[in-house]
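Working notes, structure below.
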Amino acid sequence: MTTAAIDTSETKEYFINMGPQHPSTHGVLRLLLTLEGEIIKNVEPHIGYVHRAIEKMCEKSSFQQIIHLTDRLDYLSCHMNNEAVCLAVEQGLEMEVPERVKVIRTIIDELNRISSHTLWWGVMGMDMGAITSFLYGFREHEMITEIFEETCGARLTMSYNVPGGLMFDIPPHFQKMVKDFLVHFKKKLPEYDTLLSNNIIFTERTKGIGYLSKENAIAFGVTGPSARASGFACDVRKLKPYSAYHKVNFKEIIFTEGDCFARYKARIDEMWESVSIIEQLIDNIPEGDYFVKTKAVIKLPVGEYYQSVESARGEFGVYIVSDNKKNPYRVKFRSPGFANLSALNKIAQGCKIADLVAIMSTLDLVIPDIDR
Amino acid sequence: MNEVTEYFSDIFKGVRSLLKGMSVTGYYFLHPKEIITQQYPENRDVLKVPERFRGELVMPHTADNQHRCTGCSACQLACPNGSIIIVSDRIETPEGKKKKIIDKHVYNLAMCTFCNLCVRACPTDAIVMSNDFEHATYDRGDLIKILNQPGSKVLEGIEE
Amino acid sequence: MKILSIYDFSNLTQAIHTWLSGKMSVVSTQVVEMILVGTVFLLFFAVLGLVLVYAERKVCAIIQVRLGPMRVGKWGTAQTLADFIKLVFKEPLITRDADKFLFNLAPFIIIIASFMAVAVMPFAKGLQAMDFDIGLFYISAVSSIGVTSILIAGWASNSKYSLIGAIRSGAQILSYELSAGLSLLTIVILTGSLQLSEIVESQADGWWIWKGHVSSIIAFVIFIIAGTAETNRGPFDMAEAESELTAGFHTEYSGIKFAFFFLAEYVNMFIIAAIGATVFFGGWMPLHVGNFEAFNNIMDYIPSVVWFFMKVSAIIFLMMWFRWTFPRLRIDQLLTLEWKYLLPLSLMNILLMAFLSLMGWHF
């Protein structure tokens, strides 16, 4: 059914509330859809259902306490969020952390990225109607979660970083666990391709759907795999290497198609890159301390500090204004989900409801990250 | 003619990709050993919880009911959620000095986010995170715990 | 073809008939027999629903590397019964401004439609409630009544999600009815009869899926695709489309009325599988391989009902396997698949079969 076939003077637009309780908004996001038949005319995201005033809470917390709040932004890339705060504080204290810390942070970052992407892959399949992929994705996610559990005692909200280093040293069998996982994961990743990437129904539903141009990606501030699929090189790991990223060789995954399939493929390829990064580092963890002792009460010199990291969804930035007190004067988080969501209306216009679900999946939205 | 062959090769390729997908799920159907589900309450005895797992805050006591907490309130200050409240008491030491000691270490499990900051802040290593994760209760009041056991004393020599 | 007399149900049904006729008048015999058959089918429906839902949950669980229901009864066998009891006790909610009469009517139409289709199923020799000479035509006519129920449910719910689901389903089922019908006609060319018992009898010396060469294999593939689409199951579950329309046409239904829709889905799946088994796989005919007398005799000892249900469950498993592997199609792709691929293919296929039949190239 094309729009041309319908006499538009006779048809009327109508509204549908997608969410706040809806299986494919992955949280409490409310989309107000303006529809004509099944064709989307306008998407208006209404956010704020899980707003917890985290930025305001940060103003009342010490710098150590901020970290556990950042766990609760984008809970799927909590380690990157933690790291951003720690790097910003370390930058303020002009502190150099040991090499060992940098390498471990990088490994955990990449494990976290894989765990986030496997979960995204499963959920993407589920949104497309292939519920089985959800369980397969979660299987690999769970294995990484177990590694985290052994390493820092928490599965999801890790709080593994502290200003100056890490909360614990890695457990003695950490390397073996990670290597075992990589062996398993490299066997399972091609399975992901057979199940979804090469499946004709899946490719038909994603190729050419939800086009985001490079200009629009830059204009809306879209970052992460979603933007790289449109040809926008924005990987913070490459542009401003932090931790141990300057030491490893990895490709920045760039596609130019800008459609749902490119965004999907960018994430799948990014998992392979993450695997290669971990493999380069896992045998070369330098000996040394796992943290530098800081004062019990950290006070940053008066000034502004910004540190961005590449989280699983894009550029995650922490902006701290300090007035030399034990609490920051102001904290602002630049969350990738918020910027990515802003492009949704541009992408989704003219698509069908089913396409909207695919687009939202490929933008990989995590609602607490958007609402904060 | 070209379009016709394309039409049929499209069908062929499509069907092939679908069959490949089915072979993956078919493999798992024929290999029930791949099942990863754990039957939780049944496997409680063999359940392995990692040593570092942060389940709840506890205060270890020695056999003669002594703990290491001096009541310095460092954990209370470190806690981001206010889930620890130290209720202190003043006693008179044999030398006649007034001294602050711990009366109650109140820990509200319901508010705890298991960030481990209190354990890190503790100067005497008096509190640790235990592996126990089965916290469900019928009464919310049960989640407010007093960590130091009744009648317990501070271990000698900790305060120096 | 000799069927062991102990497995011939016509003796049993005949005996019941004569016994009843001896007791009462012709009319009351008819009435009693109807009630008897109705009760048997009702019980069959209930058991079928419970078994199929359990089977689906277990199959999907194993495919998804989980265990599935394990708590209620040994291996969770009583889980569906527990679910059913829960659904019975749930409050049947009706949305505000819903068309109450139609809203309540819809679940009954869908269940009646599938109930009617089972009437002509030849479960075994002589075990068939009605043996129309237009049995196949009757089934395809009756099974498309179900779509009215979905349309009514979607319209009466006064919910946009339900309406979109219903409209999608309407377009879908009407289109796929064509392919399903044409692929069945392909076999009818060979049988020369629409009567289901005769279609089964005609396969005594081999099932049509072998005898009809490539043409009947294509017909079967088309039939199974169209059949899955007609039952609104994944990858064609456009009408429900959980991740898009929450639950599609039955979004607003709860309690026992929801259970009716749920049951109807599984009964429809059984009906499609049963038609497939009857037309392509010889119904209750045992498997015979060429001249292996010993093998064929052993096969004859397996009761025909068992054969029927074995074939049906194989096809049902195939449909479950589809569902838990593939992503869902989009509505326009669904219609493209039907009108640009399946329909031309089945038309070509029917010509091919007619040619094969004319030349006598089938076995």
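To keep things simple, chains are lettered A, B and C as they appear, and every chain counts its residues starting from 1.
Following the convention adopted for this analysis, a residue touches a chain if its C-beta (ideal position, glycine included) is under 8 Å from a C-beta of that chain, and two chains touch if they have at least 3 such contacts.
Just so it is clear, the structure is predicted and the values come from calculations on it, not from any experiment.
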Draw the chains as points, connect those that touch, then say whether the picture is a line, ring, star, complete or other. complete
Between the pairs A-B and B-C, the one where more C-beta pairs touch: A-B
Taking each chain's centre as the mean of its C-alpha atoms, which one lies nearest the mean of all protein C-alpha atoms here? A
Whole-Å distance, chain A centre to chain C centre, using C-alpha means? 45
Based only on mean CA positions, could you tell me how far chain A sits from chain B in angstrom? 25
Could you grab the centroid distance between chain B and chain C? Build each centroid from C-alpha atoms only and quote it in angstrom. 51
Chain C: which residues touch two or more other chains? 63-66, 324-326
Where chain A touches two or more other chains at once, the residues are 132, 139, 195-196, 199, 201
Residues in chain B with touches to at least two other chains are numbered 18, 21, 24-25, 36
The chain C residues in contact with chain A across the complex are 60, 63-66, 160-161, 164, 234-235, 237, 241-246, 324-333
Residue ranges of chain B touching chain A (in the complex, touch as defined): 13-14, 17-18, 20-21, 23-25, 36, 50-54, 74, 78, 80, 113-117, 120-121, 129
Chain B partner contacts - residues on chain C that touch it in the complex: 59, 62-67, 70, 321-322, 324-326, 341, 345
Chain C-touching residues of chain B, taken from the complex the two chains share: 11, 18, 21-22, 24-26, 28-29, 32, 34-37, 39
In the complex, the residues of chain A that touch chain B are 61-62, 64-65, 67-69, 71, 132, 139, 142, 146, 149-154, 157, 159, 162, 167-168, 171, 191, 194-196, 198-201, 296
